[in-house]
Amino acid sequence: MVCQYGEQLEKLVKEAEPYAAEGKVADYIPALAKADQGILAVSIFDGKETCFSAGHSTEMFTLQSISKVLTLALALMDHGEEVVFDKVGMEPTGDPYNSIAKLESLVAKPLNPMINAGALAVSHLIKGESTEERLERLLQLIRKMCARPSVTYNREVAQSEFNTADLNRSLAFFMKQHRIIDENVDQLLDFYTKQCAIEVDCDDLARIGFVLANGGKNEEGEEIIPFEIARLVKTFMVTCGMYNSSGEFAIRVGIPAKSGVSGGIVGAVPNNIGIGIYGPALDEKGNSVAGMKLLEALSSYYHLSIF
Amino acid sequence: MVCQYGEQLEKLVKEAEPYAAEGKVADYIPALAKADQGILAVSIFDGKETCFSAGHSTEMFTLQSISKVLTLALALMDHGEEVVFDKVGMEPTGDPYNSIAKLESLVAKPLNPMINAGALAVSHLIKGESTEERLERLLQLIRKMCARPSVTYNREVAQSEFNTADLNRSLAFFMKQHRIIDENVDQLLDFYTKQCAIEVDCDDLARIGFVLANGGKNEEGEEIIPFEIARLVKTFMVTCGMYNSSGEFAIRVGIPAKSGVSGGIVGAVPNNIGIGIYGPALDEKGNSVAGMKLLEALSSYYHLSIF
Amino acid sequence: MVCQYGEQLEKLVKEAEPYAAEGKVADYIPALAKADQGILAVSIFDGKETCFSAGHSTEMFTLQSISKVLTLALALMDHGEEVVFDKVGMEPTGDPYNSIAKLESLVAKPLNPMINAGALAVSHLIKGESTEERLERLLQLIRKMCARPSVTYNREVAQSEFNTADLNRSLAFFMKQHRIIDENVDQLLDFYTKQCAIEVDCDDLARIGFVLANGGKNEEGEEIIPFEIARLVKTFMVTCGMYNSSGEFAIRVGIPAKSGVSGGIVGAVPNNIGIGIYGPALDEKGNSVAGMKLLEALSSYYHLSIF
Amino acid sequence: MVCQYGEQLEKLVKEAEPYAAEGKVADYIPALAKADQGILAVSIFDGKETCFSAGHSTEMFTLQSISKVLTLALALMDHGEEVVFDKVGMEPTGDPYNSIAKLESLVAKPLNPMINAGALAVSHLIKGESTEERLERLLQLIRKMCARPSVTYNREVAQSEFNTADLNRSLAFFMKQHRIIDENVDQLLDFYTKQCAIEVDCDDLARIGFVLANGGKNEEGEEIIPFEIARLVKTFMVTCGMYNSSGEFAIRVGIPAKSGVSGGIVGAVPNNIGIGIYGPALDEKGNSVAGMKLLEALSSYYHLSIF
């Protein structure tokens, strides 16, 4: 077990922290821009206790793209693989996460659920009579994973994201034209931006990662996500979880992980631990610079690579 | 002058008419789908009288993409070249008219005003406090060109187009994200679909073509469009007026022309005649099959190619 | 006729000359790099006499891409339209001249004969038992157009181009794989680089332009190129003659023209004059900066636009 | 350990075999076309003995794209990560393995070493004075992995591949133009086609897979490939080992694997077993149809997924 080497972990965090200076906080909405560039926080959960947390590990941040893995899990629980993968592919892509060009060349079906187009198509599938009901269902899932009933979303962030989501609207209308989605685009965007604005801290992420690592069960053995879906989600985290750095990340780190532009990263080491990281300074691909460095150090020191 | 060969013209129309069988009427909205596939009509205007019209030359149809040349003329009259070509390029493209991929690779600026993205960017520039005012200003221009004060738009067609314009919404939101346009997308779409739904007949188109052919002046010598703008518009008609058949059309016909999916084509032979054609059966690129055949025959018989 | 305004022409040249400072001489082979950046020369031929030449109008330079229009003419004379346009398309493209991406998406057929891929496919069609025989046939055509039997190619330039033609080899092998061409690639490249290295001066270019302008006949009425082929070639010069500035050039100048990276431009004003220009300083698209400015001034002053 | 369930394995092979009927043997060269479409063979090596082999497991076939993982390992042993990944990227791609379009948009650097362009760039790096020496060095590595000193290449297949390698020549010249490679293209192609023509059987592949699975060491603990390089290679096998089905394969199977158009697949289950499969009937992406079905069944039955 990892936790007994607490001092070593602290040391790894200190070594990774300075890399934050090489990154840049996301600034396309004010709520993200005001994050503290220098922060690096981490929590690790092994199913018994949060055995380590460094830095501002109780700082709240929004899930952003990390929500994509959770919405995917819920959509698969709602509909099964056949329906979901009729709307979205399974292949990684060398294109940026917000690319629209590939949609045009490939019969309009997004290549995978981790790029924006694919995530919109997946969100579209979430069951519920209203945005509120769909969001509540997603929140219920996340609250169970986090074992924290108070998880909710940040209204200010959601509103800001909604107001600046023109590229996502463009992707959504393109898919509506090609019948990948058939609901009102602004309704879908409302749901999508709210799910991106769900707030967590590093402890929450570590617990989410643990459930995925642990075959979908929480530390008490309760199944929150079916085993097959938890595995499928981890696979996507490896092949396309870190935007178009996923290939390099798999080589350097080898841990199923998903990042968001808020600077969060969730990691899930199969049959082992969950990891939550927060470091808002991003590289040009949109991943936390210091967070990736820390994950690389953790993987190397504790032999966490799946390869 | 062309008109004295009336019988020959009638013969050319009869020869071109059967090609309509090879095409297919646009059917993405009901109003277009009910057009009579076999029709081929033509009017020619030399500034004196409509010297020839064959078939259902008083059949009304909507401008559709033909409106792009007129909106471009009005935008240039409203703002001048510098402002307009800051929003839209001047280069032809081998891509289909509704392509979005090129937007992504080329700093989001549409390649030319004859593809949908470019036409939306141009429509965005039309001055007016409201959609009604912008549309009225465009209609005033067209009424002067047609010398028919009753020109207006077809509400049913406009509404149908608006309801099915998701691909254009996608293009518009993409450009909004990249600050090519900055108005409300549905407001722009409202204006855009109404301008596409402006109704004319072949005589109207022939007069529109004549004004462009005649350096922007009508048959009485009144300047409706400045000379330089009329020339510029004719240039775009040659390089990109017939969708991604423009290159072949320039070779086979050599007349500045612009087509629409309603089956209309306007032709403008510089310093000579205007031509209006209506033949709703389209080829797979979106051009009137019989209409193009007729233009090829006219060009060959009367030596109308500019090359 | 243009020639009587000789002093005015001289003035236009002087005004355009300074724009050479904004360009850059091609330097991918030594023979081109040693050109004198500041030069601007022009010749105009009206079928009677070379009525004007300014600057170093007898300076020799290589045809480079200008050869594409002449090879196209010869291929059409050798095989007719059907065979040629089975190998190469007729559509302009917004891509750079050396792009390979479009080949992949469009069943490997080059979009038009003015981009490198298309020109290679056209050269492949030129009849002849050997490279020497094919080249000799092309030279015979050019000598007749120039009325100068001594026209030949520059061996040093041809050899340099051959040695650095890896991108053209890439295009050729791609087309060989897709059966657009089926000859030995280095043999084709040998012929292609020699035709690009054919040397002319401005007077030669003006005479070449005149034959194209004059429906394929020289000043004595002798048919050198069939009328239809001369017209077809002029059409390509308008839609794709100036690389991916062709659209803007058509608007600003409106003269069928073809440029080469040596800095030459041939212009053909239908039923009027031929123009030869040499100005080796190029813009980033590969067109002579001062040469284009001069053509714009000539077109404006003498009303040469075909639109 | 897997081997004790021999009968169950036989049963899985029998169940997968019929899927061969859905595929098609590669036929671009005669030597591949004559393969027996219905064959399905498998070997598994756990470091002690080949514990199972079914069907024609001693049938010889050529490595084809499977060689890419071995050349990558050798290039990394020759030069280290920095040099290799200066020439080739680490990111998966949704494009087909032989795509050239991405080269154009991404500063000419191939996205990863598993697509043809990337594999050519990697082969270029293999040390050796001559093709023979480079090939011998690669064969030495493979012979050690297979523990079979007689491993060599099939001259007829190599020659056929060389003769039909125009697309690879196109890719190579494109990269030569952009200075990714700087050797003679036909020399590189000679080496490349010979490495693709190296012949193995299922037992050989199972042993190759075992060495990769076992951190680079053979069953006697001898290091054949450094641990870090073995891990890196397995990572590429997951993210891009099965052409543009890699994402789906990771989900359905979850075993690092690499396929070739001969119908071979090598699998490497980390810290567990090596798998060799041969089934020449391919799906449209180029992977063995029955082979993939068998791997899916093996993974499911023996819980071999790394996720």
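Just so it is clear, A, B, C and D label the chains in written order, and each chain counts residues from 1 on its own.
As a working rule, a contact is a pair of C-beta atoms (placed from the backbone, for glycine too) under 8 Å apart; a residue touches a chain by one contact, two chains touch by 3 or more.
Computed from a predicted model, the values in this text were never measured in an experiment.
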Report summary line: Touching both chain C and chain D we find none
**Report entry** Chain located farthest away, centre of chain C as origin (C-alpha)
**Finding:** A
Report task. Specify, for the interface formed by the sequence copies chain A and chain B, whether it is same or different in terms of residue numbers shared by both sides, with half as the dividing line. Result -> same
Query raised in the report: Which whole number of Å gives the spacing of the CA centres of chain B and chain C?
Result: 32
Query raised in the report: In whole angstrom, how far does the Cα centroid of chain A sit from the Cα centroid of chain C?
Result: 55
Query - Whole-Å separation of chain centres (CA-atom averages), chain A against chain B - result: 48
Requested in this report: Give me the residues of chain C that touch two or more other chains.
Outcome: 105
Query - Touching pairs among all chains present in the structure - result: A-B, A-D, B-C, C-D
Report summary line: Note: in the complex, chain A contacts chain B through residues 99-101, 103-105, 166-167, 169-174, 176-177, 185
Query - Residues of chain A defined as touching chain D within the complex - result: 89-95, 102, 106, 111-112, 231-232, 234-236, 238-240, 244-248, 250-251, 254, 256, 270, 305-307
